[in-house]
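Each of the next two complexes has chain A plus one other chain: chain B in the first, chain C in the second.
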Partner chain A sequence: MKNKKAEQMISVYWFVILILVAVGIYAMIAAYFNYPTDVRQWEAEVLGNRVADCISENGKIVQELNEEFKSNFLIICGLNLEAQKLEQPQFYIEVNFFNVENLEESIFNFSKGNYAWKEQYFLQEEGKFQRVVKGSEKRFYSVDNQGKQILVEVLTVVRKTEKNVKI
Partner chain B sequence: MKSKKAQILMENVIFIVLNLIYLTILILFIARAGSGVLNIEESYAKQIALIIDSVEPEAEIYLNMEDAIKIVREDWGEEHLSEIVRIKEGFVTVKLSKDSGYSYSYFNDLKVDSPIPQDNGILFKVHKK
Partner chain C sequence: MLKFKRAQISETMTWIVATIIIIVSLTFFVFLADVLAQEGAIKNFADKTTSGVSFELDKEVKAKTNMAFELNSLNKEKINNWISKNEK
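Moving on to the complex of A and B:
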């Protein structure tokens, strides 16, 4: 009689364990698959590479660093930051050129897109707004047409929060 | 005595069978969870957008989409295979059923030919605008 009761208790506990395991697995799967895949980090990296490739080829700066390049940068480099036709572009690109003898002051620079995303990106370093934007920073050396060594810094930031983060 | 033994055996068999059914349902649920149409559409739309962003003009790209094509063949019909991927005006749209679809934008300003469905994937070419 005692044995029978013990068996019944075990089977009750067994079903409780089974239900707990099922609920746990369901919760984990729901948590994983309900979140969109965040590809913004890769997007920022690819955008950074594309900008770098457009500016420099085989270690030489291939663009004339002048006002015309600054204003037509997107067309010259074959980039379209406004495909989404939203009020604000979802990207930010900033390029700074430094003479290696003076890394304090850039000799040429330009930026495209929404400046607010740059601010958001640097706020992340302080641990704030971690999911709003993703970005990439690149630095490389190149030689201009006069043979001077130039340090190029490329910052790219992607927002696209709605498509990549569960809000 | 014999019937007591038979009863214990029966109880154990039922217990094991119920456990096996439970495990099978759990495994099927896990296996199906990741293969939902919406997840696949999102995954391919983002993947194709990243591919377009990375390629140089005049590239020809083949992408294996075996799982997506299988879903369309089974649920939507062979005649809709050409509608799986649409690339237009900076957007990639992947559609695997009549009532679903997912779009993602790309920034590389290239002209992309309409994707051609292959046996297990799609083929598309990109050109300079």
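Moving on to the complex of A and C:
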């Protein structure tokens, strides 16, 4: 009779241990996968490439660098910065065109998105706010339709902190 | 009777110690998983993959420059210097 009681106690104990181990494993997996993978760097790189592709093809500038392109850049390039319908634009795009003779002053430039992300991006170079935004800077060379040498600088910054970083 | 009681106490102690060991090791591994997720494994993985992807994506932009040089290769050194200033 006593043996039976002891056996019952042991099986309850095993049951408790089993639950404990299961909860432990669940907690380990939950802790590991609770941190989202930050893909913003890739987003910024891909966005930068899309912008570069829109501006230059086969080494030639394919867009007319005028006010119309400046104001309709997103439509012409088929970009939608508000696709996810978040409170504020989560991207910033800036494109500068330079003449090869003067690399200090851009001959044409435009930007779209939230300017604050650019400021945040450059603050990161000073070691501040490392996780707020991610960005990409690209430079390439192209020739315009008159054969002029044009240098293009594309800056893309992505915020989307809430989706990519555990705060 | 006394011998039986001593055996019982010893067995109970074994189970208590075993339970404590299980709880301590589980807590340790939960903590380790958290630390790895936060700092180590995922971050390093992401950094490695990011540099790999960046390299691949940079090739597309470099191809544009190379094609432009085939059209007009004047000031090649100056242009290459300007582009390389951007590469970290």
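In this text, the second predicted complex is superposed on the first by the 135 of 167 C-alpha atoms of A that agree within 3 Å, B and C clash if a C-alpha of one lies under 4 Å from a C-alpha of the other, contacts with A are read in each partner's own complex, and residues count from 1 in each chain.
Going forward, a residue touches a chain if its C-beta (ideal position, glycine included) is under 8 Å from a C-beta of that chain, and two chains touch if they have at least 3 such contacts.
Because the structure is predicted, anything quoted here is derived from the model rather than measured.
Between chain B and chain C, more residues of chain A are touched by C. In the superposition on chain A, contact is made by A:37 with both chain B and chain C. Using the contact criterion defined above for the overlaid structures, shared-chain residue A:18 touches chain B, although it does not reach chain C. Looking at the shared chain after the overlay, A:46 reaches both chain B and chain C.
Of the two partner chains, chain C is the only one that A:147 touches; chain B does not reach it. Using the contact criterion defined above for the overlaid structures, shared-chain residue A:58 touches chain C, although it does not reach chain B. Using the contact criterion defined above for the overlaid structures, shared-chain residue A:79 touches chain B, although it does not reach chain C.
The residues of chain A shared by its contacts with chain B and with chain C are 21, 29, 33, 37, 42, 46, 49. Across the interface of their complex, chain B is touched by residues 11, 18, 21-22, 25-26, 29, 33, 36-37, 39, 42-43, 46-47, 49-50, 74, 78-81, 83-84, 90-91, 160, 163 of chain A. Contacts from chain C toward chain A in the complex involve residues 15, 19, 22-23, 26-27, 29-30, 33-34, 36-38, 42, 46, 50, 53-54, 57-58, 60-62, 64-72, 74-75, 78-79, 82-83, 85-86. Across the complex, chain A meets chain C through its residues 13, 17, 20-21, 24, 27-29, 31-35, 37-38, 41-42, 45-46, 48-49, 52-53, 56, 58-60, 98, 100, 103, 136-143, 147, 149, 151, 153, 166.
Residues 15, 19, 22, 26, 29-30, 33-34, 36, 39, 42-43, 46, 49-50, 53-54, 57, 89-91, 104-110, 128-129 of chain B are the ones that touch chain A when the two sit in their complex.
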